[in-house]
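What follows is chain A paired twice: with chain B in the first complex and chain C in the second.
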Partner chain A sequence: MSKEEDNAKNPEGAWAAAGFAVVLLVVGVPVWWFTTTVYRAQLPYSTIETLSSQLRHHTVGVTIIGSLPPSFQEDLVKSLGSMQSVKFLMSQRQPTKEERQALHSGKTPDELDRHMSQLVRVAAGMLAVVVLPEAMEIKEVVVGTDRLIYIKPTADLQVVSSVVRNMVMDPLASRYAFTNRPLHHKKEAMRQVPTEPGYDVTLTLMVPEPHRTKIEWDARAAVTDYLSPVVKQLENVSKLTVRSQVLYMTGLSVSPQWSEAHKHYALPENQLPLTINAIEAKLGSFVWTRPSLHFVVYIPREKQLPLHIHAADGSPLPSNSFLVPRWGGVMIHNVPTAAPNVSLPRPVTLDSHWIMSTVLTHLHRLLPIPSLREIEGVETLAMKDSSMLTAWQLDGLARARVSAYLSNIRITLQSLCELVGEISNMVISDEVGGWVWGAVEEWEECGRATREGRLQDATLYCTRSFTQADAAFFHPSMLALLYFPDNQKYAIYVPLFLPVSIPVLLSLKMVFGLCRKSSTKEKSE
Partner chain B sequence: MNTRLGSPVAWCAWLALWCVGVRADNKFTEELLLRPLASGHLHSHFEFTTTWSSPEISKAVHNYRDFEFAHYDLFPRALGEVVERYHVRELHLSLTQGLWRHRKWGYPVVDAPPGAQLWVWFNPTTDDLDQTWRDLVNALSGLICASLNFIDSTNTVSPELSYRPQGVADDWYAGNSSYMRYAALPRENVCTENLTPWKKLLPCDAQSGLVALLHPGPLYTAHYHSLSLHLRPSCQDADCHNAQLELVQALSLVQLPDSSAEGYQDWSLHNLFLVPLIYSCPLADISRIYVDITDNEDMKKFTLEPAPHQVEESGSEASHRRLAVYDTHKALIGDPFSIDAVYSDHHIYGMVSPPILHVSRFITGYGQEGGSITVKFTNTGPEPLTLVYLEVVPWYLRLFLHTSHSAEQLESMYVAKLVTARDRELPWLYEAVLEVGPRTTRELSLEFNRALLKWLEYPPDANHGFYIPAATVSTILPSPRNVSVNSLNESTLKGKLLVRDGESFVRIHTETLLVSLPTPDFSMPYNVICLACTVVALAFGPIHNITTKKLVLKKLEVKESLLTRLINKIKGKFRRSSKVDDGGAEKTPAAEPVVVEENPLYEDREELEDIMEEEEEEEEEDKDSCKPSEENSKKDR
Partner chain C sequence: MRLQELAMIDGGYWAQTGSLGVGEATWRINMERVATALRSPWHTLGASYTLESGAHLSPPPPACSLRITARVRLASLVTSCPGPLSVVYDQGVSETSEKTHTNNWAVLVDTSRFWFNYRHVANVLSMYRSVKRLGIPDSQIILMVADDMACNPRNPRPATVFNNAHQHINVYGEDVEVDYRGYEVTVENFVRLLTGRLAPSTPRSKRLLTDDGSNILIYMTGHGGDGFLKFQDSEEITNVELADAFEQMWQKKRYNEILFIIDTCQAASMYEHFYSPNILAIASSLVGEDSLSHHVDPAIGVYIIDRFTYYALEFLERVTPDSKKTLAQFVCST
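Presenting the complex of A and B:
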C-alpha cells in the first residue's frame, strides 16, 4: 500500500493538516513578522542612487561690453569652456552713451570702477567684461569691486581666461566639490572648513602669566570694527557667530629654542601641531553642534619673549602665525619685555589691527574666499574698507559652497542608504523618512537652480537640504535597535516555532497527496 | 571705522577706559572659611565668586530677557553659553556626598541635600519650558560630568514657596513658580570627574590660588563634601539700579582633623589638604582665608600660627562671631603658606547644644506593601516657628493624604501646594506650611503604598532599594544663632559671614530615604517564555497527530532483500522458540506481520480493535480483488 492511499483514506487528517498550516501562515507568520520587524519608512532609494549621475554645473553669464576682435572672443569662449564644473553663457553688447562717457572720464582704476559699477548693474552670479579704450594708462586686466572686469583689447587671452576662472570659483574648492572622493591626500584641500550652514567663530586671548602682564585689549571694539562687516556680508552665504574669551594661566605647551642669529626664541614649525592639544579642552562648546573656528592670540611667557615661528628652513615667518586646517589659526603676539624695575603686573596694549587682519586672512583661507593674488599682471581693486569682500568674491564663495553642499548631501544620502541596506536593525522613523524625502527634493531644486545660474536660490535650497540630510543621518532613533542582538530574537522564537512548524511542514505532504488525488479523480471522471 | 581711526577725543576716551581696566566689569574673589565645629570636626568652605556687570546685563536682568554674552573675560564661556541658550536667569546646582548633621554642626553656608540637586529660574520665553529644561539638564550634565540627564518629568517639580529666586526678582516673577524647575537625584555620586570640570570654570583654573588646595585625595575621604554652582543676578548697589551677574562656585568639606596619638585636634592647612599653598590667584581682587575663632576667647583653646592679619567681630551676645582674616595676596611672598592651629587641651566630646530648628526624617512600617514617611521637626527656641516643608516623592510611592492629617493637625498647618503623581509621568509634590511651637517636637507622617514597577523600570541592583530625595525645610529664624550666613544678598563670603542681628532665613535639607520596593525575579520573563514555549510545543505535537493522523493497520511489505529476509527468519525462529519456551499463547502469527501506527494517546483499545478489524477486512478484499488502488479510495468515500 502506498502512502497516497493512506492519505486517501484519511481526508479529514489532510484537511486538519491544511488547517494547521493555514493558521500558522495567517496568524503565526504575521505575528512573528510584526513583532520582530524593524520599522522602516519608505525611502527614495532609486532617486538617491541616481543622484551622482545627475548633471551638475554652474551657469555663469558673461557679458562683454564693448568690442573685441572676433577671434579673441571665440578663443575666450573656447578657453573657458574647458572648465569642467562651470558653463559660461557669453553675450556681447556695445556700451551705452553714458558708459562710454564714464570709460573716457575715469582716470584712475578706482574712479573708473566707481563710475562704472553705478552704471552697469550685473545680477548676482553673473560677470561683465568691459573693454577699455586702448589709450588708458592702466594695467591690461583690472578686476573691479562689483562684478566687473576691465580689459584692454591687447590683454593676454590666457590671463583673462584664468582671471575669470578664478573669480568664478576657487580652483581648489571646485576640485574638492566635483570629485567623488574627498581629496584626503591633498594638504590644501584639507584646509577648508567643512561646509555647513553656520560656524562659531571664537577669538581666544591666551594670557599664561596674568600676574606679569595686564593685557589691555578691547575685543568688543576689535570685533565690531573688523569682523562684523564681513560677518554681515556673509550672512546670506553662511552664518558666523563671533564670540571672544580670555584664557588665563594657560599656555601653549611648547619649548622654543633661543636663536642666537635672530636674537629671539624660535618655535620650529614641527612643534606647531602639538600646541593646540593642551588648550583644546578649554575651547569646546557644550551647547552648539555647528563647527567652530578658533583664532587664538597667544601672549608668550616672559621668559620666552620674543617668540617667533620658524619655517622648516630656519627662517622666521613674517606673519608669526599659523593656520590649523579646518580648525582655525594661532597667532603669537609678542609684547615688549618688561623693564627691570617695573611694578607687576605691567599693562600691555595689543595691536588690534595686526590681530584682526591676521584673523581675516586666516578666515579667507579657511572658507575659502577666491582671490586673484597668484595671477600676475592683474590689478585687483579692493573695497575701500580693506576687510570687506567684493561682490564677485561673495559670488565665488557661494558657488563653491553650493558645489560642496551638492556633493556632501549626495554622499550623506548615499551613505545613509548604504548603511540602511547593510544594517538590518536600523529603524527609520517617519520623521527621518520625511527628512530624507525633503533633502532629496531640495537637492534637486538646488541642482536646477545651479544649472540655471540662480545662485541665491541654490544656496537657500542647498542649505535646507543639507540641514535635513544631516538631521536624518545623525538622528539618534536610527541607532535605537542597533545593538539588539539577533540571537535574542531566535532565542525567543525557536523554542516555540521549531516544534510547531516541523510536524506542520511534514503533514503538508499529506495535503499535497490529497490535492493530487482529487485532481486525478476529476480527470478520470 | 570711525571708532578705530576716530578723533583724538575718542582715542583719549578709549584710553581712559582702558586705563581704568578692561576687567573693571569682571571681578573675581576667592575665599576660604575654616570653622572648627563643636563636635571636633573642621568645616572648610571655599567660595569663588565671579561677578560680571555691564549695561547689557543689567538691562537683561531688569527686563527679564535672555543674557547675550559675546566677549567673555573672567566669566567661563562654557557656562555662559548654556545660560544664554537655555534662557536661564538663576541656576543652583549642588553635588553632595554625605549628610550635613544640623544637630551637631549648626547650619552650613550653603545647605545641600545628599546627591545632586538642581533648581533653575528661567526667563519668561515663548519656548516650551519643559523642553528647555530637558535640554539644559543635558547640557549641564555634559558640562559638569554628572548624570543629570536622569532628570526627567518624573522627578521635576515647581514648588511654590521653598525655592524662591535668590537674586534680583520682582514680586510678579518670584511668585510665579511656572518659571522654575526643581529636581534632585539622591543617588548621584560625586567624584573627581565632577571636580575637574568645576575647576575648569574658574579663571585661574587649577593652577594657582586657593583652588590649588583642592586635591582630590583628602576631598573625597572627607565626612561631608559638597560641590556647588550658583548663578544669580545680583545688585551692584543698595538701591539696585544696576544689576550684575554673579557666579558662586562653592565647595564645602567637613573633615575630622587627624588627632594623632596625643589626642589633640591640631590642624593645619597642609595636613587638611595635603598640598601647599604657593601662589594666590593673580586675577582675584580678594583672596582671603577666614578662621572662625568665636569659641576661642583670647586664644585659650587654640593658637593660630602665623597670627592673622586682622580680626573681625560682628553680631552681639548670643550670635556673636569673631573671624581671623588672612590675606593670601599679602601672605604669599615667596614661601608656601600654611595656617597651623595648635590646641592646648585634648578635645572633650560632649553634648552639643542643637540649633533652633532641626529635622529628622525616616521611614516607618514593615513589609513590602505600605509604610510612611515620618518627619520630626524640633524647635528648641523660645518662639514658635513657621516653616515650609517640601516633599517630592516619586510616583511609585502612592501617598494617602486623607489619613495623614488629623483634624487637630490641620489646625496649625495647611498644604500650600499639592500635585498628585501620575504614573511614570509626574512625582508627588507636597508643600505644606506648618507651625512648630516653642520647645516642642512636631511629627508629621505621610502614609504610602508601594507600587509595582514594570520589569524594565527597575534600576540595576534593584534590591539595593530606591532613594527618595531629601525634603526641604525653609524657615525664618528669629535670631542668627548657629547660622553661618544670615545675609544672602552679599556678593562675597566675607559679607555673608558678618552677623546681623534680626531674623535670618535658613533652608535645610533632611536625610534621603531608602525604600525597598517589591522586586521580581528578573530572569523570570525568560523562564516564562521558555516554559510556555515548551508547554505549547508539548501540547501541540499530540494534538497535531490526533487531528491529522488516523490509526490504521498495515501489512508489512513482503518485498525484502535476501539479507533482511534471512535476518528476519532467524529472528522469527529465535522469537518463536523463546515464546514457546515461555509457553505464552501468542495469537498473531509471524507469517502475518502487522504494524500498528500507534499513537500514544490512543489508549482506547476498543477503537483500536475496530480499526484493526476494518484493516483486516480490507486486506482480505485486497487479496481477493487485487483491484487498483484508486478503486479502494472510491470505496472509502
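Presenting the complex of A and C:
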C-alpha cells in the first residue's frame, strides 16, 4: 500500500527510469554502433558471382582460302567443334589473282610462304588455311611462319584437325583451364612454369676450376643475338628479365663412371636430381621475389672430362642437358682436355650457338610455347636466321596464358569474397577495394575480348586483372587472425552492457506501474 | 595397426587408427575427393603421398622416397608393425606416374623459449639437419626458432646444441640458417607465412613461395594443449586457425601435399579440424596424453630431446638420399 502511494507521490522515479532507458536506446546504442563498425569498402560480390559462372572460351576465326571438297570441310568443322575451350568461326573465300599466281609460282615451301604471307594478311589471333593446287611437290601439310597452314586437298583430316588444335592452344593448357586442378600424371603439364606476369631468367656459367681453364664467353653478345629478340617478342605476353653471372669454384657433386665403350665419363640419369640442391643457394635466387628460371652451363672438372649424360638405357644424350620442371635447365659443356705442357690457366672459348639454342629449347618447353613436334606428316617452317617465334606460336602461348589467368582470377576473387564474408568485421580498406573493383572490371573486359577473339587486348586486360586480384588477396590486412570471430564479440560487449542494462530494465517495472496507474485512474475517472 | 573407425564425411574417407608401436604415434589419412570414385569403403583407397627430398627432375627417381599407399580392405589389414603397409601396394602403379609434385619445402617451427625448453630447440634443429642432409636446400626451408640455446649464458657448451646425451652430433652446426628468430616467432607471423600475406618488404628467405606442385613438411614442436599450441609463453594458435590457414593455402593452390608432424602434448587435437584435402598429419600424442621427453643430459642439465623426435631421428639418420624407405616404415618406427 505504501509503495503504491510512494509511487503515486513520486512519479519522478518512473520518469527517471524512463529517461535512462530512452538515453540508453536512442543515444547509447547508435553511438556504440557507429564507433565500433569497421570500415568495409563495398565490393562487387554479385558481379564476381556472375562472372565466375560464365563459361569462357576463345574465339578463333579460320579462313579457308581455296576450295575443299565439302565433306572435308564439314568434317573439319565438326572435329574442330569438339575442342572445349575454343570456338572456331569458319569462313571460306576464293584466292585472289595475285594469290593464285603466287601459289603456282612458288617452288620451295619457304619461298611460297614468304610470298603468301605478304599477300594474305591474317589478323592476330586468327588462322588461315590455304589450299594448294594438286600438282605441287610439297608435303601434305605445311605450317607457315605467319598463321598460314598450307594443305593439299588430299590431306588427312585427322592431321589437319590436330594441327589446327595444337596451333591454337596447347591441349594440356586447355584442359587445365577447364578443370583448374593440377593435371595428375602429366609430366608435360608439371613442367610448365606457373603463369605469372614476369620472370627473371638467369644464365649461370659454372666454372669449378678457374685455375685450370679461363673461360672466354661473351654472354652479353650471346644474349643480344639469341635471346633478346625472343624476349622482345614476348614482352606483352610475359616480361622476361635476363641476367647472367659466373660462378667460380663451385662444382656439381656428381660421381660419373668412366665408360670404355664411349670413351667418356658417363653421368647416369638417376644422379641428376641430386645435383641442383647443392648449388641452388649459390645461384642467387633469393635476391628477387619474382619467379625465376635458371639456365646453368657447367664446365666439368679436369678429371671428369669429357662428361656426358646417359639416359636410363645407357646411351649418351645427344643434347647433354636436362630440364628441371618449373625451374630451368642445366647443360654440360665439354671443353677439350688440356695438352700436357700447356701453361695454366688455358683459355677456352665456348660454343655460344649450342648454349643459346639449348637455352631456347628449354625456354620453349618451360613457358610453354606450342609446338607441332609430335604430329607426324607435318612440315613446320621456322623463321629464317633468327630465334624469334612464329606468329602462331606467340598466339598459342598468349591464349594458354589468358586461360590460365582467367581461372586464377576467378579462384582468387571467389576465395576473397568467401573470406570477407566469413569474417564480418574484417576491415576492407579503400586500397583493397580499389584493386578488387579494378580486377573485376578488367576481368570482364578480358572475358569479352576472348569471346570476340581479340587476343592482344585480352592478354593486356588479363595481366592487369591478375596483378590486381593477387595484390588484393595477399594484402597484409586481409589476415583472418587479426579479427576476432563473432562469438568473442559477445564476450567483450556483454560484460560492458549488462551491468548497465539490468537496473534500467528492472526499473522499467516502475514505468509500467505508472502507466497502468494513470490508465486505471483515467478509467476510474 | 588396426583400423578403428572408417566413416564417410563430405565425400571423403577418414580413417583413424589407434596407437601403434613405440612412442604412441597416431596418424590419420585425409582422402581426396578423387578417391571417392571408389564408392565402397571396403574397396581400395589409393592415396599416395610422396615426400621426396631433392627430387627436382621429372621423372624424378625417388630420393628418400617416403611413400604411403593405404589400401583399406578391412579383412586383410596389416595388424601390427613392423609389417609395413607396403605389403598391400597397388600393383600396376609405376613410380613416375603417381608423382604430381615438382619441389619440396619444409617449415620447421619451435614455439617455446627459456632454457628448460632446450629439448624443443634440439628437436627442431635435428629435423632441420635431417631434411637438409636429404636434399631440401636452405632456400626452401623456413626455420622458426624462438630462443637461442647455443648462445644462452646457461649453456655449458657454448655455440652447440646437442640432441643426445652422448653428444654425437652438434645439430647447431656451422651453417644453420634461422629465418625467424627470437620474438619474431609469433602466431601472426606463422599464419602470415602460411597464407602468404606478408608485408611487401619481407625478404624472399622469409616467404613461403610454394606453388601447386610443392610438397611441404610442416613440423611443429613446443608445449601444447587440447586444441591449441603455445607460442612463446604468451599466445596460442588454435586448431581452427591452423585449419583455416591450410584452407587458404589450398584455395590459392599453394601446396600439393602437406605432411604435418607435431610433437607436443595432446598433439592429436591440432589436426582435428583440418578440412582441406591432401594433408597427412602425424602427431606424437593423443588427446589426453602427454608427449614426454626422452632423456636428460647431466652435463648440460636439461632434457635433451623428446621421445617422438628421438625415434623419428633414429629412423631418419639411417636414410640416405637414394634409399627406398617408405612413410609407412617411418610411422611404424616412431
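By definition in this document, the second predicted complex is superposed on the first by the 404 of 525 C-alpha atoms of A that agree within 3 Å, B and C clash if a C-alpha of one lies under 4 Å from a C-alpha of the other, contacts with A are read in each partner's own complex, and residues count from 1 in each chain.
What we mean here is this: a residue touches a chain if its C-beta (ideal position, glycine included) is under 8 Å from a C-beta of that chain, and two chains touch if they have at least 3 such contacts.
Only a predicted model underlies this, so the values are computations on that prediction, with no experimental measurement involved.
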First, second, both or neither for A:P153, with chain B first and chain C second: neither
First (chain B), second (chain C), both or neither touched by A:P44: neither
Chain A residues touched by each partner, larger count belonging to chain B or chain C: B
Touched partner set for A:R243, first chain B, second chain C, both or neither: first
Partner chain(s) touched by A:M478 [first = chain B, second = chain C, both, neither]: second
Chain B versus chain C as contact partner of A:P316, first or second or both or neither: neither
Partner chain in contact with A:P197 - chain B first, chain C second, else both or neither: neither
Partner chain in contact with A:P306 - chain B first, chain C second, else both or neither: neither
Contacts of A:P325 with chain B and chain C, given as first, second, both or neither: second
Shared contact residues on chain A - chain B and chain C: 281, 285-288
Touching residues (chain side chain A, partner chain B) in the complex: 1-2, 4-6, 8-10, 12-14, 16-17, 20, 202, 210-211, 214-221, 223-225, 242-246, 248-250, 281-282, 284-288, 345, 347, 349, 352-353, 385, 492, 495-496, 498-500, 503-504, 507, 510, 517, 520-521, 524
For the chain A and chain C complex, residues of the former touching the latter: 182, 184-185, 187, 190-191, 194, 269-270, 272-274, 276-278, 280-281, 285-289, 291, 322-327, 411-412, 415, 418-419, 473-476, 478-482
Chain A-touching residues of chain C, taken from the complex the two chains share: 54-61, 63, 96-100, 102-103, 135-140, 187-188, 191-192, 195-200, 203-205, 207, 209, 211-213, 241, 244, 248, 251-253, 256, 321-322
Partner chain A, residues of chain B touching it in the complex: 1, 3-4, 14, 17-19, 21-22, 69-74, 77-78, 81-82, 84-85, 139, 142-143, 200, 203-205, 207-208, 279, 282-283, 529-530, 532-534, 536-538, 540-541, 544-545, 547-550, 552, 554-555, 629-630, 632-633, 636
